[in-house]
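Each of the next two complexes has chain A plus one more chain, namely chain B in the first and chain C in the second.
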Partner chain A sequence: MAKGDPAVSSRGRRAAPRSRRAAATAEPELVQLLTPTGERIESATGPDGTEYRVDFTDEEYRGLYRDLVLVRKLDAEATALQRQGELGLWASLLGQEAAQVGSGRALRSQDMAFPTYREHGVLYCRGIDPIMPLGLFRGVDQGGWDPNEFKFNMYTIVIGAQTLHATGYAMGVHMDGKTGTEDGEAVIAYFGDGATSQGDVNEAFVWASVFNAPLVFFCQNNQYAISEPLERQTRVPLYRRAGGFGFPGVRVDGNDVLASYAVTRHALDNARLGQGPSLIEAYTYRMGAHTTSDDPTRYRIASEVEAWQAKDPIARMKAFLDKQQIADDAFFAEVDEQARAEAVHLRERVLELPDPAPVSMFDHVYPHGSPELDAQRARFSTYLESFEGSAH
Partner chain B sequence: MSRIKEFNLPDLGEGLTEGEILAWLVKVGDVIELNQPIVEVETAKAAVEIPAKWAGEVRSIFHPEGSTVEVGTPIIAIDTDPGAGPVPESTTAAASADLPTPSAASLAAVQVAPAEGMVEPGLIGGVAPGGRTAVLVGYGPRNAPAKRRQRRDGPPRQPDTSPRPTGPAQVTTPAPVAPVAAAPVAAAPVAAAPVAPTVNGNGRVAGPVLAKPPVRKFAKDLGVDLATVTGSGPLGSITRADVQRAVDGSTAVAEPLAATSPATSAASFGADREQRIPVKGVRRLTAENMSRSAFTAPHVTEFLTVDVTRAMKALDRLRGRREWRDVRVSPLLLVAKAVLLAVRRHPMVNSTWAGDEIVVKEYVNLGIAAATERGLIVPNIKDAGRLTLRELADAMTGLVQTAKAGRTSPADMSGGTLTITNVGVFGVDTGTPILPPGESAILAFGAVREMPWVHKGKVKPRQVTTLGLSFDHRIIDGELGSKFLRDIGDFLADPEAALLAWT
Partner chain C sequence: MATETLTLGKALNTGLRRALENDPKVVIMGEDVGKLGGVFRITDGLQKDFGDQRVIDTPLAESGIIGTAVGLAIRGFRPICEIQFDGFVYPAYDQIVSQVAKMHYRSQGKVTIPMVIRIPYGGGIGAVEHHSESPEAYFAHTAGLKVVTCANPQDAYVMIQQAIASDDPIVFLEPKRRYWEKGPVDLDAPLSGAYPLHSARVVRPGTDATVLAYGPMVRTALDAATAAAEDGRELEVVDLRTLSPLDLTAVYESVRRTGRCVVVHEAPGNLGLGSEIAARVTEECFYSLESPVLRVTGFDTPYPASRVEEEYLPDLDRVLDAVDRTFGW
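Presenting the complex of A and B:
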């Protein structure tokens, strides 16, 4: 969807210097194109004066809504599978669908994404079968896939590590001369608010900045690093961190799929044109637990969750589609049914994921093996085969 | 392929071993959808709702609210094809004795007192008809939270298991633990057969035999079939030593028996002249419950030696009556009668400690310890206080015969309120019995011997026995316990007079 050029205009109008300093957690100045009640805002201006707008067709609007609903439903199914003992763990994206679908759909096919372990929505938007990461969470594989095939790096568990990987990759893209044109290549690195306190992320900021890497740092600020609230990460809004490293930063309403799309598309296009990195802070909220091993009621108050409930990314999109008569009840029902069917299909396939063969632990250690490893594999295979046909 | 599927409590966090059932969101008979929330469980990490893994109809709920359940233990059984009519015998998880894989719940959860240790009659725990006790099999009384919740809910919680109006009879078991307690029936063949190792230490029925690769190799090299070896390692896994023992003794078949009832089978010793019997299944659970009871309820034991010559004569007279001719009449019958009458005079002894309240029961489900090949089991006579002596005699005879035949039903073993352990049949004088979890008094009835006794001022040979009464000192003070025991003694000293005086 939204395959064509985005109607994002990026007039470099210099903004008046801001006098008021927003606290990190105060009601943020954010780019918003769709209000929580579903009102469209024609255009929004970023801190550097960039004007953001989108102009989607009705079909594209409906497509975004479909993405949001599907991503949420598949995520809920995975959570249920964990509760039923079929997954060891699951990191739910509930509440962050718009940030992921908006940014994921803003990627062009040649762009490369570096996810954390929560970017199921981005993965979906890349056209990847949602079962791909579930082997990792079921414990039947190592979560390895070919990043080049999918233009989507492997899920990274180590907090913030992927920002360095992305920086190196983006520097490579730049050195290969794949930037500077409209069809140039850009890279996006996902991370969270907690990761901004990591050394890796700050190093990535430095390197990406000074080497002018074609990289978009996409921070989903979901307000909590597991149980640690944002005010323990920063005294300034996260997007302003970028200024100190020498590249632009913008805060977008992460529950607004339209604004998330617009801001990301703009940043990616800047990167692919050779204008260097930028930071997007998608201001959102993790409605569920950090992972299925977490109990958020121990560190957040219910009223806070309720306040964010009112900003739900899907509800506002539905209200918009409804009000503008872009979609009717039949459409919404059809989307729900599709989501249900895909969730059941996903469930069935998860339950059928095969257990790995013991000898597979030798795979993927070296691309072409090694004498030492080959010998170990041979010994182990012989050992395993010696049991064939016996009850041992 | 069974259409009745049991859902095991999963590890809801990472590396958790147990969870507490906070609330059931469904009840037996409910038709549920896939992913419909069925139960709220609290673990060390979080309180979470578990969505149903299958659509269908709830057939059994194995654990009441407030109970703590081990990860891997079945908590609910769902009929995934409820429209298909009655469940064939072989797929009825709850009631089939020859279920190929005994409902894991069963073994995990059932506690059956073993043969040795006559002074510690176990009790198949369960929710008593009064509902409050909820001595959850295998886990003992977890009083505070469980009882608190139940009280808040008002009436005793039984909805879990209320018979479904339309279901096949065999699954409409009357007590929550019934499916669980199906184990004794199912357990017997398992324990006797060499496949016992597939029932691991937690009572879970494992598919493949558990053993580490070097142990497998070791067993293979020695030609030992792992399926015949009893595992003593974690989760019932087979260790190197287990394999070695199997080779040394070639007694792999005997071992499972030994593990279940060591007293009845010859010990087989390895080279080190030590035998290692895996603590698992029934033994483990019994141990757990006895320990819990012993260290939870402050026990006091009192003894009373009684001249029961008159009672023995009364028994003889009873036996001589025509209408009692075919009735089995034993001294235990009179002891039971004595206990029932004494309970009527001291109702407080027939009670349960429930954390912040004491539940006193008007009915007496009288547990009678019975030695069987599988070990000691303790079926109880429901509402025994209402029975006439003749009915009581018949009930006791039937109960013992059923137990010896190994056909004691789960319902017979659940809900006991007060127990008699007849250690006298083994020729010993008395003991200090441990209370079955959820009960407050237990009487040990010793051997009746002819002893020198001062009778009417002269030493004469008299029929004498010793009674040992253990009681929960939280509920029963020394005075009450003494009076209760004294009344039992008074009855046995002169049953006819006591009957005239008390009834």
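Presenting the complex of A and C:
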């Protein structure tokens, strides 16, 4: 490469760590419809010129607020349950409520979602009993809901693996002839910033692109993969990765429930109409720890957390509802009371979740059973019974 | 006439064609499976007759093949994935072990993954590295998967259809060096009433020692039995066919009669299928055994350069040597 070549000089410029971080983590061109102070923006333009707007009734605005508050409260209750020893672990969504409720409410009933293990807000929007993920983290099962009934798949803990499942499912939607019309089906794959480094996610990008799958890749960039900051995963803003794979990408303010809704609904509708995949980078922040086993004070500074606190998704929605007189104090008090009551109810039911019978571990290994496992179960049962009445 | 003489490869091709005809939810996916018909031509002509939505040339990404097949299965399809060679399955290992195998269990039975993962396996074709491996133990060790392998054209034709019809995720291992061996295939045999998929079969009765083999080594074991017979020794040869679950009922019965048991496979001996089989035969037939169960296997090395693979692979002489040792104990 010749001296003075633009690529050389640009590589030289990127050599300094500070500017690399800026390249990956700056906030250019966020699609935003609600500012952190609760100012409503009429419409916002995406990088490809798409104009995003929402047209909600007052009732719908209040409904989104209610979702945000409930999802946060139930999540806080789960964190408390873990601290009291009632859950083995909890992966909190604190700070990501708007990205999840906005995208979750943008799904139409026929759309299928493939979550990670943190999508408690999307799960809630899909109508699944919020106790279900607590069963998983308590260790009484591995996720009890029916993926097909609720159009919301099993949680996936192996990072990025579900993006391929979503891609295949979306290929199947296309093969079933369920795209190309307004009542067609679309699929959404959730993942995080860390997952974008996984081979599976990059393979999913390739596959979805070449098969024109009706799929929305929804990346919640919460800035950290456990302790690793975004610049350890990427040198370019994540939404721009889409361009290299041949489909559109957009970065949305993930703490803005209205913009998250608008961008996701648009992408899903494009997908169901047969226009193929797209990538949404929901720019947000994980306010809490990665999980209850994590200590974020070891890898990030308080001022950074405080800066994001000022962009809180619920506070801005409340400010907007208040300023526009869409909701009053009685409404806010009523939502808080509902959240409190649901959290209490959740707690009561978690404490009553029975441990599974030990021999249930042999169930459902194979769809039609297994003589070998039947024999192991029988031997183990006999062994357990041999303790009955003894000091053990 | 319903019975034709086919190569093992053509028998697989015919079985796949039958499955595509019988169930519109069956799809084939893999690298080069479409226009080319697969590097071994096992899917030859299928895309031409069933279209590129049923026989799908995929991007070159094994984890992608299996991972997207999971999604298709959740959607209600019955995907048949071709992994081009044994040594290329490892990029898909996470999807197979962590996703395919566990999905039914984790969902408490609400999700089934009726997937077939076809893998040409084993050595003996003079290939370069990564093209001659025997990875069966990795999969047989994983709960939630089933693992089968065929050894002759008739079994290839029936077993591939049985595997596709099964609701289990099945790793279907194809003995690539036997692809070109011919045998009679009854093309009209109905699947219902066919010999069960997860059953071993005695392929040569005998009285003096029991030799267990599967896939490419069944031919080798049968050749050894022929040679042994010339020396007055009658070997009973069992084609295991199913590696997970193992079906050892007939094996126990046989070993109780013969008192001697030799297990043959190409894969390395350490923690291979032979180890598990030896343990189980010992537990079940302890008082009938005249000698320990012996294993004839590949060595505990990476698969070697092809100019020495004939020395690496178990052959007739090594099988007979092991049989001799069971008599000299």
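FYI, the second predicted complex is superposed on the first by the 349 of 392 C-alpha atoms of A that agree within 3 Å, B and C clash if a C-alpha of one lies under 4 Å from a C-alpha of the other, contacts with A are read in each partner's own complex, and residues count from 1 in each chain.
By our rule, a contact is a pair of C-beta atoms (placed from the backbone, for glycine too) under 8 Å apart; a residue touches a chain by one contact, two chains touch by 3 or more.
Given the structure is predicted, the values throughout are model-derived calculations rather than measurements.
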State whether A:G144 touches chain B only (first), chain C only (second), both chains, or neither. second
Going by the contact rule set out at the top, does A:G274 touch chain B (first), chain C (second), both, or neither? neither
Quick one: is A:G88 in contact with chain B, with chain C, with both, or with neither? Answer first, second, both or neither. first
Partner, of chain C and chain B, that touches more residues belonging to chain A: C
A:P367 contacts which: chain B (first), chain C (second), both, neither? second
Of the partners chain B and chain C, which touch A:Y383 in the superposed model: first, second, both, neither? first
For A:G172 in the superposed arrangement: first (chain B), second (chain C), both or neither? second
Touching chain B in one complex and chain C in the other: list those residues of chain A. none
Of all residues in chain C, those that touch chain A in their complex: 27, 53, 58-59, 61, 63-64, 66-77, 79, 91, 94-95, 98-99, 103-112, 143-144, 146, 167-168, 245-246
For chain A, which residues are in contact with chain B within the complex? 77, 80, 82-86, 88-89, 289, 292-295, 297-298, 344, 383, 386-387, 390-392
Which residues of chain A touch chain C in the complex? 114, 141-144, 146-148, 153-154, 156, 158, 161, 163-173, 175-176, 199-200, 203-204, 206-207, 210, 363-368, 370-372
What does chain B use to touch chain A in their complex? 7-8, 10-14, 34-35, 45-51, 53, 209, 211, 213, 216-217, 219-220, 225-227
